[in-house]
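Letters A, B, C, D and E mark the chains as written, and numbering starts fresh at 1 in each.
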């Protein structure tokens, strides 16, 4: 039974990892990377490492997402500021 | 197929996905996401090495008495190493993200091609 | 004790069926609001039944399972509320554009003619 | 295109190199020598029920000290990178950060106020029970940081006192080293927790100084992660 | 007997997990993905409690406790980002 759960979680984890690289929207990619951490924490639990599973669940799945989102919204703010000030640097910003 | 083998293969494949993203993406944010995937893969390899056949968590309670632990519990040393590595991974990710934000404010672009000074 | 475990197993089975219903709802529902309501309510009930089943099979685990249930009952509605508010603010309409129901179509036209401002509904 | 080909080639080389590592392996039947020593004697030696805690706090305590140093360095780096530009005042031209952030709903604010003490208490529970159940300083610190984070989500104008965070971080770090030195003085070596009585196995007050050390680590990690997150939140570029 | 029914329940919950994961991959917008993430965390909590029952260790429930309290922060973070409040 635990072998079945392990294999299914692993396949989902790999497809989530590939999706995190190929989804166009960056925030969606961040969410997909969070799902990879969720599945990894279940795998850590199956192989008998509950401490690691707890850390991965708390840090990988929640706090990393939050840190990514803070940085991304700082970039969005900088982009908006650039637009409002109408600076001449017409390079493409961000994604 | 056994559990060690599956976990090791999963870790290797996830590391390869992370490497692939790190080498092919040009966007700094995608590179950081790939780095965190690579991180998770390496952690999984380290945990997989410490697994023992039929092993359970190395924590003593009603279900696991002190005297009969040998041969039943997994290796506690990789768990301890990965535990600290995950926390360091978060701090390093935050540091990389602040570099990315600084690059954006000075170059107005998130592409790695915008940073030309160190290119040769 | 064995009979309690069997009853618990059936309760868990019912819970997992609710989880499956939630998954099917998320898979098939047409827009984000519908997906959100099925994904939140059905999973809350399903996880509650699952925990009750596990607790019947292992009677000494009640304390932690109760705490877990309380946490889910606090956090799950909170997150879905914040999510629905965010969806409202980015301008998604809860009404379906291509709906066959005449009442829904009338409501949609009424809403579009009203042109509600963003801040009014807060 | 040639670049893409080289990358594929390099990854294939890595995969071929890793293949024999993964394929022929079987589940191990016995532990390695060091781990066997820990499992056999760890509980009697230190009195902690969680062997991972024993390894993190005592057997490999120096690793943990180095890890906390790395964490501190990363926090300092984040703070310096964001502080290189001063955050603009809210009335100033070009500042968007404070004005345009939408504050959280009433329900979220009430929920955050209600959940904050629960999360805080739960974080304390996690790192005080680090030697009995899974969890410990790192996880408890993360829970404390996320409790503060919830308040920051609910109200985007909330200001945080960084002085308090710095004091907590510095004091807990210094106390951690001081407890380590006490181990050097009264027991066998640096970070040896046995200078306090071992107590009864499985009780809260047992395992020598391990709960004390882990609580200090928890406070330090919580303060540092809160500092990172709040720096990234409030700095308007 | 009880174990067989528990295993059936676990397989059904696993199927629900896989179906929800479909929304993460192809969800047309960010909101759909976050909804799927929210549902997946609750299903993962059920899965973790089942694993604790299967492996017979009460201490694994602590993982579920931490996960249940922390995981909704990710959803709230994404929602607050969507309404530009972060």
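In this text, a residue touches a chain if its C-beta (ideal position, glycine included) is under 8 Å from a C-beta of that chain, and two chains touch if they have at least 3 such contacts.
Just so you know, these numbers come straight off a predicted model, no measurement behind them.
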item	value
Each chain counted as touching subunit C and subunit D at once	E
Length of the shortest touching-chain route, subunit A through to subunit B	1
Pair with more cross-chain C-beta pairs in contact, given A-E and A-D	A-E
Where subunit C and subunit E are represented by their mean Cα positions, the distance between them in whole Å	13
Subunit B-subunit C separation of Cα centroids, rounded to whole Å	32
Chain centre separation (subunit B, subunit D; CA means) in Å	16
Distance between chain centroids, defined by C-alpha means - subunit B, subunit E (Å)	21
Residues of subunit B engaged with two or more neighbouring chains	3, 20, 50-52, 56-59, 61, 73, 79-80, 83, 86-87, 90, 94, 97-98, 101, 105
In subunit A, residues with contacts to at least two other chains	2, 46, 49-51, 53-55, 58-59, 62-63, 66-67, 70-72, 74, 78
Shared interface positions of subunit E, touching two or more other chains	10, 17, 34, 55, 57-60, 62-63, 65-66, 69-70, 73, 76-77, 80, 83-84, 86
Pairs of chains, among all present, that meet the touch criterion	A-B, A-D, A-E, B-D, B-E, C-D, C-E, D-E
Complex contacts: residues of subunit D adjacent to subunit B	4, 7, 10-11, 14-15, 18, 21-23, 25-32, 34-36, 38-40, 42-44, 49-52, 54-56, 60, 63-64, 67, 70-71, 74-75, 77-78, 81-82, 84-85, 132-134, 136, 138, 142, 201-202, 221, 224-225, 228, 232, 237
Residues of subunit A that touch subunit E when the two form their complex	1-2, 4-5, 8, 12, 15-16, 19, 25, 27-28, 31-32, 34-35, 38, 41-42, 45-46, 50, 53-54, 57-58, 61-63, 65-66, 69-70, 72-73
Of all residues in subunit C, those that touch subunit E in their complex	2, 5-6, 8-10, 12-13, 15-17, 19-20, 22-24, 26-27, 32, 35-36, 39-40, 43-44, 46-47, 50-51, 53-54, 57-58, 60-61, 64-65, 67-68, 71-72, 75-76, 78-80, 82-83, 85-87, 89-90, 92
Interface residues, subunit B side, partner subunit E - complex	56-57, 59, 61-64
Residues of subunit D defined as touching subunit C within the complex	102, 104-105, 107-108, 111, 114-115
